[in-house]
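There are structures below to look over.
Both of the next two complexes hold chain A, though its partner changes from chain B to chain C.
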Partner chain A sequence: MTHFILGDLTWAALPHAWYTIGATGTIFVGGIVVMAVITYYKKWKWLWKEWFTSTDPKKIGIMYIVMASVMLFRGGLDAMMIWLQQSISVGNAPGYLGAPSGYLDASHFQQIFTSHGDIMVFFVTMGFFFGLMNLIVPLQIGARDLAFPFLNSLGFWLYVAGAVFINMFFVIGGEFAASGWLSLPPLSEIMYSPGTGVDYWIWSLQLSGLGSLLGGINFIVTIIKMRVKGMTLMKMPLFTWTSLCSMALVVAAFPVLTITTLLLWYDRFFGMHFFTTTAGGNPMLYVNLIWMWGHPEVYILVIPAFGIFSEIVATFSGKKIFGYVSMVCAVICITLLSFMVWLHHFFTMGAGADVDAFFGIMTGIIAIPTAVQIFNWIATMFRGRIRFTTPMMYFMGFVSLFTFGGMAGVLLSIPGADFELHNSLFLVAHFHTMIVSAALFGIFAGITYWFPKIMGFKLNEKIGRRAFWLWIVGFFVSFTPLYILGFMGATRRLDYYATATGYQPFFITAGIGVCIIAAGVLMQVWQVVVSVRERKDNMDTTGDPWDGRTLEWATSSPVPFYDFAKKPEADSRDAFWEMKKRGEWPRATARTEYEDIELSKNTGMAIYLSGFFFLFSFGAVWHIIWLMALGFVGCIACVIIRSFDDDTEYVIPAAEVEKMETLAWKK
Partner chain B sequence: MNETNATAAQAAQADRHAFGFWVYLMTDLVIFGVLFAVYYVLKASTFGGPSSNDLFSLSTALTNTIVLLTSSFTCGLATLAAWSKKLNQTIAWLAVTFMLGATFLTLELSEFSRFMSAGASWQRSAFLSAFFTLVGTHGLHIAVGLLWIAVAIVQLKVKGLTPSVVSKLDRFTLFWHFLDIVWIFIFTTVYLMGIM
Partner chain C sequence: MPGGVFDPQGPIALYERNLIILAVALMLLVAIPMLILLYTFAWKYRAGNKKAKYDPEHVGGAWRQLLWWAIPAVIIVAIAIINWQSTHALDPFKPIASNNPPLTVEVVALQWKWLFIYPAQGIATVNFLEFPEQTPVHFILTADAPMSSFWIPELGSQIYAMSAMQTQLSLEASSTGEYIGKDTEINGAGYAGMTFTAKSVSQNDFNAWLASVKNSSNTLTLAEYNSVLLPPSTYAPSSTYSSVDPGLYDTILMKYMIPPTSTPPANMPGMTM
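Showing the complex of A and B:
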C-alpha cells in the first residue's frame, strides 16, 4: 500500500547532503521572499492576468528571457563549482566537506558536469532564443501574433516545467544524472545508474523538448503563412530567415531526442533492452541516435545568432548586408549539412576508415558556408560608417572568437587528429568557443539591440561595453588553457589528477578566467539596474533608436500589444529603410485610418496542462503509478476542454486603437 | 469587423491550422522513422529467444490491415459527408470508423497477450523490445485517434457542423490516414518480411 501511494519515495529522498540542503534552503527561502514581496504589493492578480496567462508573444518572450537569465546563473554556478574542484583537486592535497580530494566527491562532481551542460543548452540558450524570436520575428514580418498563440503559451510553460524539474532533485531525491549531458548508456542504464538521477534528466528533457517542438511548429507556420503583403521569402530580414532554418531543425531533430530518451526510460522502467549490454541491446545505437539530434542541436543554438549579428552589422555599419542571397544560401546549406555529420562525435566508435572519412569530409565542408557568412559580415563593415555600440562590440568579439574556434573545429574534423583529441579538454575548449561566441554573445548583442524596442529605453552603453570586455578577456583567460590542457592529455570530467601531470597551473589560470567572466555577468546585472534607474535619460521616443533597417522599428517603443496599428507593407529587403528614404517616416507624415484588430485571449489552460505533465513526469521518476495516471488524464482533459472553446479571440475597435496610438506618439 | 473580413480571417486560420498539423505529422513521422530504424537494427538480436518467424502470424496481420484500411475508407466517407453538410451521416461514418479502429486495437492487444503468454515479452530480447515499442506506439496513436473520434462526435452533436468543428475533423482525417500509411510500412517491413 505504501508503495502504491509513494512509489519509490522514502525518507532517504529528502535532502541530507550539504549541497542539497543548501539548494533546498535557497529555493524555499528565495521562494518565500518572492511570494511575500508579491503578496505585499498585491501583485498576484496582476501577474496572473497580465503575464502568466498571456498569449501575447512579447510578454511570453520577456518571460522566456527572465527564466533563461535565472537559469544562466544556475548553470554559471555549476561552471564555477567545476573549476574550483579542478583547481584544487590534485595530488595529495587535502579534501574538504568530506570529499577525498577537492571539495566534491566524484559522483557529485559528475552530476554538476551533467547539469551544467544540460542547463546551458536547454534552459539558457534555447530559452533566450525562443524569447528573442517571440519578441522580434512577428514584428519583422509585420504580424500581430504567432500562428498558434495558445501553443506558444504552452511551449513556454512546458519549458518552465522542465526548468523546475531539472532542479527538483535538490529537494526530492538528492541526486542528478552523473552520466554526462547526453547520459550515454550503458552507464545511464538502470544497472549502473540505479538512482533517480537519470530519470530526472530524461523527464526534464521530455518536458522542455516538447515545449521546443511546439515552438518550432509555431514559428514555421508563422513565418511561412503570416508575412505582410509584399514580403516574399527572399525579402525576409535575415533574423527571420535564420529563425526559420533553426526551427526547421527543431522540428526535424527534436522528435529524435524525445523518442531516444524515452527508449532509454523504457529500458529503465519496463526492463526493455534497447541499449543495455545484455539481451541483445546495443548502446552504440543510442549514441548514434542522440547525436542525430545532438549535432543539429548545436546549429539550433548558433543559427539564430547568425541572423541577429547580420541585423546588427548592417544597422551599425549603415549599409545593407553584403551578399544577402549568399547569406541565405549559406544558412540553408548549414541547416542541411548539420544532419550529415553526427558521426564525427564518435569517430572512435570504430566504424571503419570509409565511414570516418565521409563524416570527416562532410564536417570540413561546413566550414565553407560558415566562412561565406564571415566574409559577408566583414564585407558589410568594409567602407561602412561603423558605430561602435555594445551590440557591435559583441559582434566583433564573435567574429574573431568564432573564426578561432571554427578552425579548431576543422582540426577536429580530421578523424586521425580526432582520435587523439576525442573527449579531451581541447574539444571542450572548441565547443565552448563556438557556443559562447555565437550563441551567448549573439543573445547579449540581440538583447542590447532590441531592448529599447521592447522596454522603451536603451541599456547603458558605457557599462555594456565594460561588460563586453570582461566577458571576452575572461573567455580567453579561461579557455586558452583548456586548449593547451587538451594537447597535454587532460580529458573532460576530471575530478582529480596527479601533480606530475602539470595540469594545475592551467586549471588555476582557467579559474581566474571564470572569475573575470563572473565579473562580466555582475557588470551586466549592474547595467540593467543602472539603465532602469536612469531610464528617463535613455528613452526611445522615435521607435527607431539605432537608425534601423527592418520592420520591427516601424512602430512605437515600447511596442504596443497589437504590434502595428496598421500593418506595414514590404516591397524590398530593408523595408523600413526604404520607408524612411521615401519620407514615410516619422509616422506623423503617414497617418492613415485605423482598423479593428483581432487578438487572442488570455488562457490559463497552458499552465494547467504543463502542471499535469509535470505531475506525470514526477510519477514516472518515482514509479508512482496513480500520479502518472492522474497527470495523463489531466493532460487529456485539458486538451479536450480547450478543443470545445471556440471563443478564443477578442477585437479591439478601431477607435480605441487610434486613442492608444495618439497617446503613444505624444511623448 | 465585417462579414467578408471575418470569413477571410476564418479561412486563413483554417489554412494555418492545416499547415501546422502537417508539420506536426512530419515530426510524428520522424518518431516512427526512428522506431523503424531501431527495429531494423535490433531485429536479429533475439538473444536466443523467439524470432519474428516463430511469432508472427500472417492471418492476424492481414486481418488487422484490412480492418484498418477499411476504417480509413469510412473515415473518408465521414469527411465527404461533413463537407456536404450531412450531420447524421457524418456521425454515422465516424461511429463506423470508431468500431473498426476499436476492432483493430482489440486484435492487436490480443496478439500482444498471446506473445506474452508464450514467454515473448518485451523484456525477453532487444528484438522484442523494439517490436513492442514500434507496434505499440502505433497502437497508442490509434487509441488517441479513437478518443478523438469520440470527442468529435460529441462536438458534432453539441455544436453541429460549424467551421471550427469541420476544420478539426479534417485534421483528424489527416491523422487517421497518416496512421494507415505507417501501418502499411509495419505490415510490409515488420510482419511480411518477418515471416519471409
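Showing the complex of A and C:
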C-alpha cells in the first residue's frame, strides 16, 4: 500500500548531503523571498494576467530570456565547481567535505558536469534563442503574432517545467545522472545506474524537448504563412532565414531525442532491452540515435547566431549584406549536411575505415559554407562605415574565436587525428569555442542589438564593451590551456589526476579564466542595472536607434503589443532601409490608416497542461503509477477543453489603435 | 610539453602527429588571410575614418561568390584526400607490417581497471602492460563494464572496449619506455583512476619478465575473476597472474550473448546492489 502511494520514495530521498541541503535551502528561501516581495507589492494578479497567461510572443520571449538567464547562473555555478575540483584534486592533496581528494567525490563531480552540459544546451542556449525568435521573427516578417499562440505558450511552459524538473533532484532524490550529458548506455542502464538520477535526466529532456518541438513547428508555419505582402522567401531578413533553418532541424531532430530517451526509460522502467548489453540489446544503437539528434542540435544552436551576426554586420557597416543569395545557400547547405555527419562523434567505435572516412569527409565539407559566410561578413565590412558598438564587438570576437574553433573541428573530423584527440580536453575546448563564440556571443550581441526595440531604451554601451572584453579575455585564458592539455593526453571529466601528469598549472590557469568570465557575467548584470536606472538618458524615441535595415525597426519602441498599427509592405530586401531611402520614414511623413486588429486572448491552459506533464514525469521517475495516470488524464483533459474553446481571440478597434499610436509617438 | 600527442613513440602516433600538423597548416592557409582581412577592414572602414570610401549598395558579383566557395573548397578537397588515405592507413583493425611477429594481447575493460591476457604466453596482468619494442602489439578488446575507451597517447590511436562486442587495435613502440595508458570514456565512479602502465622493453627484458611472471603464484581462474576482478574497485594496483584459464576471454565476451532467462545470470555487475 505504501508503495502504491509513494512508489520508490522513502525518507532517504530527502536532502541529506551538504549540496542538496544547501540547494534545497536556497530554493525554498529564495522562493519565499520572491513570493513575499510579489505579495507585498500586490503583483500576483499582474504577473498572472500580464505575463504567465500571455500569448503575446514578445512577453513569452522576455520570459524565455529571463528563465535562460537564471539557468545561465545555475550552469555557470556548475562550471566553477568543476574548475575548483580540477584545480585542487591532484596527487596527495587533502580532500575536503568528506571527499577523498578535492572537495567532491567522483560521483558528485560527474553529476555536476552532466548537469552543466544539459543545462547550458537545453535551458540556456535553447531558451535564449527561442526568446530572441519570439521577440524578433514576427517583427521581421511584419506579423502580429505566431501562427499558433497557444502552442507558443505551451512550448514555453513545458520548457519551464523541464528547467524546474532538472533541479528537482536537489529536493527529492539527491542524485542527478552521473553519466555525461548524453547518458550513453550501458552506463545509463539500470545495471550500472540504479538510482533515479538518469530518470530525472530523461524526464527533464522529455519536458523541454516536447516544448522545443512545438516551438519549431510554430515558427516554421509562422515564417512560411505569415509574411507581409511582398516579402518573398528571398527577401526575408537573414535572421528569419536562419531561424527557419534552425527550426526545420528542430522538427526533424527532436523527435529522435524524445523517442531515444523514452526507449532508454522503457529499459529502465519495464526491464526492456533496447540498449542493454544483455538479451540482445544494443548500446551502439543508442549512441547512433542520440547523435543523430545531437549533431543537428549543435547546428540548431549556432545557425540562428549566424543570422543575428548577419543583421548586425550589415546594420553597423551601414551596408547591404554581401552575397545574400550565397548566404541563404550556405545556411541551407549547413542545415542539410548537419544530418549526414553524426558518426564523427564516435570514430573510435571501430566502424571501419570506409564508414569513418565518409563521415569525416562529409564533416569537412560543412566548413565550406561556413567559410563562405565568414567571407561574406568580411566583404560586407568592405567600403562600409563601421560603428563599433557592443554587438559589433561581439561579432569581431565571434569571428576571431570561431575561426580557430572551426579549425579544431575540421581537425577532429579527420578520423586519424580524432583517434588521438577524441574524448580529450582538446575536444572540450573545441566545442566550447564553437558554442561560446557563436551561440553565446550571438545571443549577447542579439540582446544588446534588439534591447531598445523591446524595452524602449538602449543598454549602457561602455559597460557592455567592458563585459565583452572580460568575456573574450576570460575565454582565451580558460580554454587555451584546455587545448594544450588535450595535446598532453589529458582526458575530459577527470575528478582526479596524478601530480606527475603536470596538468595542474594548466587547470589552475583555466580556473583563473573562468573567474574572469564570471566577472564578465557580473559586469553584464551591472550593465542591466545601470541601464535601467539611467533609462531616461538612453530612450529610443525614433523606433530606429541603430539606423536599422529590416522591418522590426518600422514601429515604435518599445514595440506595442500589436506590433504594427498598420502592417508594412516589403518590396525588396532590407525593406525598412528602402523605406527610409524613399523618405517614407520617420512616421510623420507616412500616411497611416488605422484598422481593427485581432489578437489572441490570454490562457492559463498551457500552465495547467505543463503542470500535469510535470506530475506525470515525477511519477515516472519514482514509479508512482497513480500520479502518472493523473498526469496523463490531466494532459488529455486540458487538450480537449482547449480544443472546444472557440472564444480565443479579441479585437482592438481602430479608434483604440489610433489613440495608442498617438501616445507612443508623442514622447 | 612532456608526453602526449606531440611526443610520439611509435609509428601510429608519429603518423597521427604529422597528420595533425599537416591539416592545421593547410587550414591556416585560409584562416590567416581571412583574419588579416577582418582586422584590416575593421580598421580601415571604421566610422571615424571619413577618408575611406563608403559604398552602401556594394554587394559584389557572382564571380566573387564563386571565389568564396572555391577557396575553402580547394582546401577541403585536399583535406578530404588526406582524410581518405590516412583513415585507411590508420584503420585500427589493420595489422602493422613488421619483421617481428606481433604479440597478441586480449584486453578486458572492467570496473575500473584493465585486464590484459597474453593468450600465447598464458599469463595475465591487471593495470600493467609489458611488451617488446619494435614489435606490433595486436590488442583484441572487449568489456565487462560500461563502454570504455583504451588509449595510450604516446603510441597512438584509441578504440572503444564494449561488452558483447570485440574491437581490435594494433600499436607499436619504436623504442623502450614507460607510458601511461588510460580510459577516455566516462564509465562510472572509478573513471579517473582507470589508468595503467604501458612498458616497452627489449626482447630480452620481455622474456625475463615473462619468466618471472610464470614463476609467481597467482593464477587467474574463472572463479578468481568473478570474485576478485569483477566486483567494482577504484584505483586498483597492478598485479600479475602466472596462468590463466584458456577460455576466459571468450567466456567474458560470450556471457552477454546468453538468451534472457527468468533469473538474472550470476555475477552480473550491479545486480546485487
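Structural remarks
Note that in this section the second predicted complex is superposed on the first by the 667 of 667 C-alpha atoms of A that agree within 3 Å, B and C clash if a C-alpha of one lies under 4 Å from a C-alpha of the other, contacts with A are read in each partner's own complex, and residues count from 1 in each chain.
Simple rule for what comes next: a contact is a pair of C-beta atoms (placed from the backbone, for glycine too) under 8 Å apart; a residue touches a chain by one contact, two chains touch by 3 or more.
Not measured: the values here are computed from a predicted model.
Once the two complexes are laid over each other on the shared chain, residue contacts for A:P558 go to neither chain B nor chain C. Residue contacts after overlaying the shared chain place A:G95 against neither chain B nor chain C. Shared-chain residue A:F644: touches chain B; no touch with chain C. In the superposition on chain A, A:H273 makes contact with both chain B and chain C. In the superposition on chain A, A:H422 contacts chain C only, with no contact to chain B. Of the two partner chains placed by superposition, A:G611 touches none, neither chain B nor chain C. Partner contacting the larger number of chain A residues, of chain B and chain C: C. On chain A, the patch touched by chain B and the patch touched by chain C overlap at residues 273, 278-280. On the chain C side of its complex with chain A, the touching residues are 1-6, 13, 15-17, 19-20, 23-24, 27-28, 30-31, 34-35, 37-38, 41-42, 45-47, 52-60, 64-65, 68-69, 71-73, 76, 79-80, 82-84, 86-94, 146-147, 149, 151, 153-154, 156-160, 162-165, 167-168, 180, 182-193, 195, 234, 256, 258-260, 268-271, 273. Within the complex formed with chain C, the residues of chain A that make contact are 105-107, 110, 178-180, 184-187, 190-192, 194, 273, 277-280, 283-284, 317-326, 346, 348-350, 352-353, 356-357, 360-361, 364-365, 367-368, 371-372, 374-376, 378-379, 381-388, 396, 399-400, 403-404, 407, 410-411, 413-417, 419-424, 484, 486-489, 491-498, 501-502.
Residues of chain A that touch chain B in their complex: 147-148, 213, 217-218, 220-221, 224-226, 251-252, 254-256, 258-260, 263, 266-267, 270-274, 276, 278-282, 285, 289, 596, 598, 636, 640, 643-644, 646, 651.
Put simply, chain B touches chain A in their complex at residues 1, 9, 12, 15-16, 19-20, 23-24, 26-28, 30-31, 34-35, 38, 41-42, 45-47, 122-127, 129-130, 132-133, 147, 151, 155, 158-159, 162, 164, 168.
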